[in-house]
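Labels A, B, C, D, E and F are assigned to the chains in the order they are written; within every chain, residues are numbered from 1.
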Amino acid sequence: MIDGEIFLGNMRWPDVVAAAAAKPVLILPVGAIEQHGPHLPLDTDSAMVSWLACTAARQAGCALVAPTLNYGVSLNHIAFPGTATMRNETLCAVLADLGESLLGHAFKAIVFLNGNGGNNVAVASAAAELRRRTAKTVANIYVAALIEEAFSVMESGIIWHADESETSMMLAIAPERVHMAKAVREMPKPIPLYEFKEATLTKAMVDLGIPATERVTKSGTIGDATMATVDKGRPVVEEQLKTLTKILKTLAAA
Amino acid sequence: MIDGEIFLGNMRWPDVVAAAAAKPVLILPVGAIEQHGPHLPLDTDSAMVSWLACTAARQAGCALVAPTLNYGVSLNHIAFPGTATMRNETLCAVLADLGESLLGHAFKAIVFLNGNGGNNVAVASAAAELRRRTAKTVANIYVAALIEEAFSVMESGIIWHADESETSMMLAIAPERVHMAKAVREMPKPIPLYEFKEATLTKAMVDLGIPATERVTKSGTIGDATMATVDKGRPVVEEQLKTLTKILKTLAAA
Amino acid sequence: MIDGEIFLGNMRWPDVVAAAAAKPVLILPVGAIEQHGPHLPLDTDSAMVSWLACTAARQAGCALVAPTLNYGVSLNHIAFPGTATMRNETLCAVLADLGESLLGHAFKAIVFLNGNGGNNVAVASAAAELRRRTAKTVANIYVAALIEEAFSVMESGIIWHADESETSMMLAIAPERVHMAKAVREMPKPIPLYEFKEATLTKAMVDLGIPATERVTKSGTIGDATMATVDKGRPVVEEQLKTLTKILKTLAAA
Amino acid sequence: MIDGEIFLGNMRWPDVVAAAAAKPVLILPVGAIEQHGPHLPLDTDSAMVSWLACTAARQAGCALVAPTLNYGVSLNHIAFPGTATMRNETLCAVLADLGESLLGHAFKAIVFLNGNGGNNVAVASAAAELRRRTAKTVANIYVAALIEEAFSVMESGIIWHADESETSMMLAIAPERVHMAKAVREMPKPIPLYEFKEATLTKAMVDLGIPATERVTKSGTIGDATMATVDKGRPVVEEQLKTLTKILKTLAAA
Amino acid sequence: MIDGEIFLGNMRWPDVVAAAAAKPVLILPVGAIEQHGPHLPLDTDSAMVSWLACTAARQAGCALVAPTLNYGVSLNHIAFPGTATMRNETLCAVLADLGESLLGHAFKAIVFLNGNGGNNVAVASAAAELRRRTAKTVANIYVAALIEEAFSVMESGIIWHADESETSMMLAIAPERVHMAKAVREMPKPIPLYEFKEATLTKAMVDLGIPATERVTKSGTIGDATMATVDKGRPVVEEQLKTLTKILKTLAAA
Amino acid sequence: MIDGEIFLGNMRWPDVVAAAAAKPVLILPVGAIEQHGPHLPLDTDSAMVSWLACTAARQAGCALVAPTLNYGVSLNHIAFPGTATMRNETLCAVLADLGESLLGHAFKAIVFLNGNGGNNVAVASAAAELRRRTAKTVANIYVAALIEEAFSVMESGIIWHADESETSMMLAIAPERVHMAKAVREMPKPIPLYEFKEATLTKAMVDLGIPATERVTKSGTIGDATMATVDKGRPVVEEQLKTLTKILKTLAAA
């Protein structure tokens, strides 16, 4: 968990300016504590985004990683015990404040690396606000948007939540945290105009918000977690890593 | 400009409940007052979104149109005289308040029909907040997201602002408001990782915000307005209309 | 509806600085969408204030007109279907933001021309806030305060809402929008210390707020709309125009 | 300063319900700490409004007096040492909170008795907000609005600030606090469209805000304090008292 | 109640700069209107803190006293009639605004002298915010924290609210305001981990908030008011005075 | 880092209700990312409070641990590179939101376990706000307040920041993260009335805020880190653990 090369939290303050000169992009991972079905832990998003941030930072060689913000906006899942949430405006305020203070030091750019779809509105608002406060580069990246091709290995026809794809990715990253024996298949009850297909590939013409989870699933899974395998997860996280690494390099070189 | 059949503003209050029973979807068009190059008026977005709302409402037969909110978020264009803007949180508050009061009466669903990309973050926030306040359907539609195919008639290789596509659409809707003699071609100065290609077709992996307009253009046009024709504009607005009409019918039937 | 001489919305940005030099006062009309009895449309206030702004601007020759803000604070009428409202603090924020951005360009002064009594507190707050943000002149004008004499032609003994005076004015401005056949007479139920006489001529010693409309009227009319005539309306709108025109000239010359 | 009959602050909690049953109107005096020329103390508004509240409450026999809020909005006077101010939204929040808690007990109505013109916008906003929070009567009374006739004894042709009228009233209430030897005459520098005549009698067609005091006066007096006499002050405060007493009785009986 | 030497409210503005040069520390007393048992008045905190401020200012010779803010945060006592309260964020805003305006003039330091434990969180927040806005010294002093030794004269084993200590202090300051005949003894119902011993001497390891008063007492007294005597009160207020006077001198000399 | 017995983040949602029934107290550790001298890492506070939370939870057997909020209020240290901070109101909002959502599920009480003195005002405000929103127990514990005796082993005469005590504690918890070779001794420049002695044992009569760190130290250490030893750190963390464990048991049993 501690790596003096890339973790801001592990540095001493006199070393920060030189480190930021060498690695001018700062990644701030944003996770969530929310239900992930009967087989994945509540901190799945935080764990995955933390892993992605530090692995990509190591590969890119031009980025540092700030400590993960472990909580996000999970209003849709609030009916499920264990879920924690901020309001949209609270998450927006947190990220804008943290970004402003961190960019005040030596960094050239900050990346809000967001691991939870429920955070999207707040992170976009925070990025807009932070750009208003500073002239530096503020990038908002939702991890699911980093994947263009690798989801094609999925077979269940839906990429959504605590499902084939998310479980496969977790199997690739931290298999010991997945209780495959408890994984279930539960397809969502249909909602007019709402497409539960593949959030990141489908261009949504209509934003209808994220439905309250209990309206469409009992288990918390939306999709088919039973079809998950480590072999499906690996290419997905590899594409994420490859794309993110390339973005980090471009930001550092800009 | 006044049409007793679909315009909420033209109704008397005792008629509203019956009208909303017959046409249960309410469209609230959201525009902007911002620079649109040397050839298009400041209220281009408001004019286009108003036209789209009322034409689609007439075709669909199941929607009413509330008066257009003539102002939006145009922070990126603020260096250009005549541009007016709210802050993101202000637009969010306006739409959430208006939506809450209007949905308190007889409507089943509200559509924030947004004509300006700069409004996107605020409208999404408002829609999320409004969903928190009410159990009714709140749809957030950005007009550019209604087009999947028709942009293929454009030739300049970029679909952005006060350009070939927007000018063509305005020629199709309100040709008397376009000063083609003043139209210019100005390609944007490149920004790393930022793709000035086709906002609505490209899946943006990285949200870098909207750059301050004066960084990338002098004229206010980003693209090539000189290539605009009414023949290019017509299929685009027709696709918009067709898609929106279909959405309105689905929302009304849900 | 479009007039290149005075409408800011119809201008192209490169023309704004010269236009504002010639016509240094900017009018921002503020309306409302609220019940106006069984015979007047929901957008009565917006329609009247828009007409007044552009007619006075043309007569004065020293003012431009920004697009009307079609919505205001109509909390008192919220029980009547079709009424839309913002909270006071929301309208205050909108006007302060818009005013700040518009005054940042070439104008010398801004006039919030307010057509709805329910907006008064918020517009006054916005004007105060905007003066704190800028050194330019910010004038807050409630249209009913522009009349000193002409209301004397009214006969029903009360000047209030959707009544003899308002209906007469609408008959003078846009007769096709008045359904005189549906006009009614309904005198308000009395409220201690509250004077339903003539809002603009009476010096209120005690501000008791605007009572919830449903407490004092069933029809939405407070007064006698059946006595309205175009001949009564004409001198009223003429006095409004004359007074406003004079004010605009003074502001431009200051 | 302490009077068990009317001062809420001097009561013990077990006596409050019975006291409020007997005297159902609660007056909350709102003052200011701001410059009042070279001859009147900084707390002039607080002193005068406190005196008026308790004298009227004694005469009316149906009202209690809460402790005076000693501070208000004095942004216009801020250039003068000793002036304290809140922002408008702060005063609004204070009064809405205090009113809500006090009305939660036994009172039927609350009167914000405001002694400072600079407070007007905030007190009106607070009253509107408090009416939204509670169904009880909320009255907003500006002390200068209580006078219709008695100002006619003034001779200097202007009724404004730290002047003939205000000094005369202070001579009638607390002569020992007036340094007549230091009183000055200073007429305000003219401002276009701004009438320094008699704030409470003139119907202002245009609200231009309160000008920064240092723009129009050096001494802080706006008017002629040298013409003040106790004989001019007495009828003014007597009219105020008489009018307020009548209002309190009406509110109690309603 | 009026003392030209130390009361800011009694000064004329032209004298303030010289006064602040001679007495560079400004005390802003913060009180409360809240239940104080059956024998002490609602304004006990305001009265005591006002007395302490002006007595210490006179003894120290280096401080002025601003008018007392008569209201505070009394959420815990709200079930008892006569109690008024602001929300924490409101009191914070008031004090930050007032402090900012007052420090903008000639003072070197401001002391928020707080007489009510319920105000502690808000006053600390305000002091922190005010330090962010200005470079001058902002001291937050809770009157109970000024006593280290003198409470040893108390015999009832608890120092809390409207009790032996507070009643004794009031007997020493304003005996005519104490109804000893109505004083009662009521020990609080125990709450786990919550120590009703001596707020100011006990280092609280766990902050559990202030319990709603009605949970622990019926009379409003928490402790034994019947054991109060003027002889117990005198050393306590003397220690407060002595300590505060010393602090004021140090602040003035810094 | 992962322990299925006590970490909420590692649980699956269907297990939470039973877990909370068995362990009804939820600890939410609050850290900071701020300079800790040349020898301690930026995340020292987060690391220490996380360790304390999980160790005490294991010993007590009645508490779960939510993921650590890695960021806090570090405004005083902001001049030192690597420091991140929220504003006070932001941290307050975050904790109130998270607490409200987490207490909505099965827990009986929440403990904000705060590891950074700079967070104190915001955490106290959040706890107060959360108590207003819910009827459950909200405890605010500052880790330094848990120590009454063990600091007596310290020799340098000051217990402050990145010093003998903090370094000793870190040596006891995570010795591999301490660069003793870089540890320095730097006594703070004196500030009138401000006691740099032992924050947790000294009763502060005057709250002067936390001074900007760069005013009193160059290295970031305030005290003598060179005197730190693991033998001094061990009894301190043991007392913290013992006291906290006892508190957790009492809260669970209440």
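In this section, a contact is a pair of C-beta atoms (placed from the backbone, for glycine too) under 8 Å apart; a residue touches a chain by one contact, two chains touch by 3 or more.
Everything quoted here is computed from the prediction, not taken from an experiment.
Between chain B and chain E, the least number of touching-chain steps is 3.
Over half of the residue-numbered contact pairs at A-F are shared with one candidate from A-B, C-D or D-E, namely D-E. If you average the CA atoms of chain E and of chain F, the two centres end up 30 Å from each other. Here the spacing of chain D and chain F, counted between their Cα centres, is 49 Å. Counting partner chains per residue, chain D shows two or more touched chains at residues 89. Contact topology of the protein chains: cyclic, one closed ring where each chain has exactly two touching partners.
Round the ring, from chain E by way of chain F, the chains line up as E, F, A, B, C, D. Considering their complex, residues 75, 88-89, 121-122, 124-125, 127-129, 131-132, 137-141, 145-146, 148, 192-193, 200-201, 203-209, 243, 247, 250-251, 253-254 of chain D touch chain C. Only residues 1-2, 8-14, 16-17, 20, 33, 35-43, 46, 66-71, 74, 78, 80-87, 89-90, 93-94, 97-98, 101-102, 104-106, 177, 179, 182, 220 of chain B touch chain C when the two sit together in their complex.
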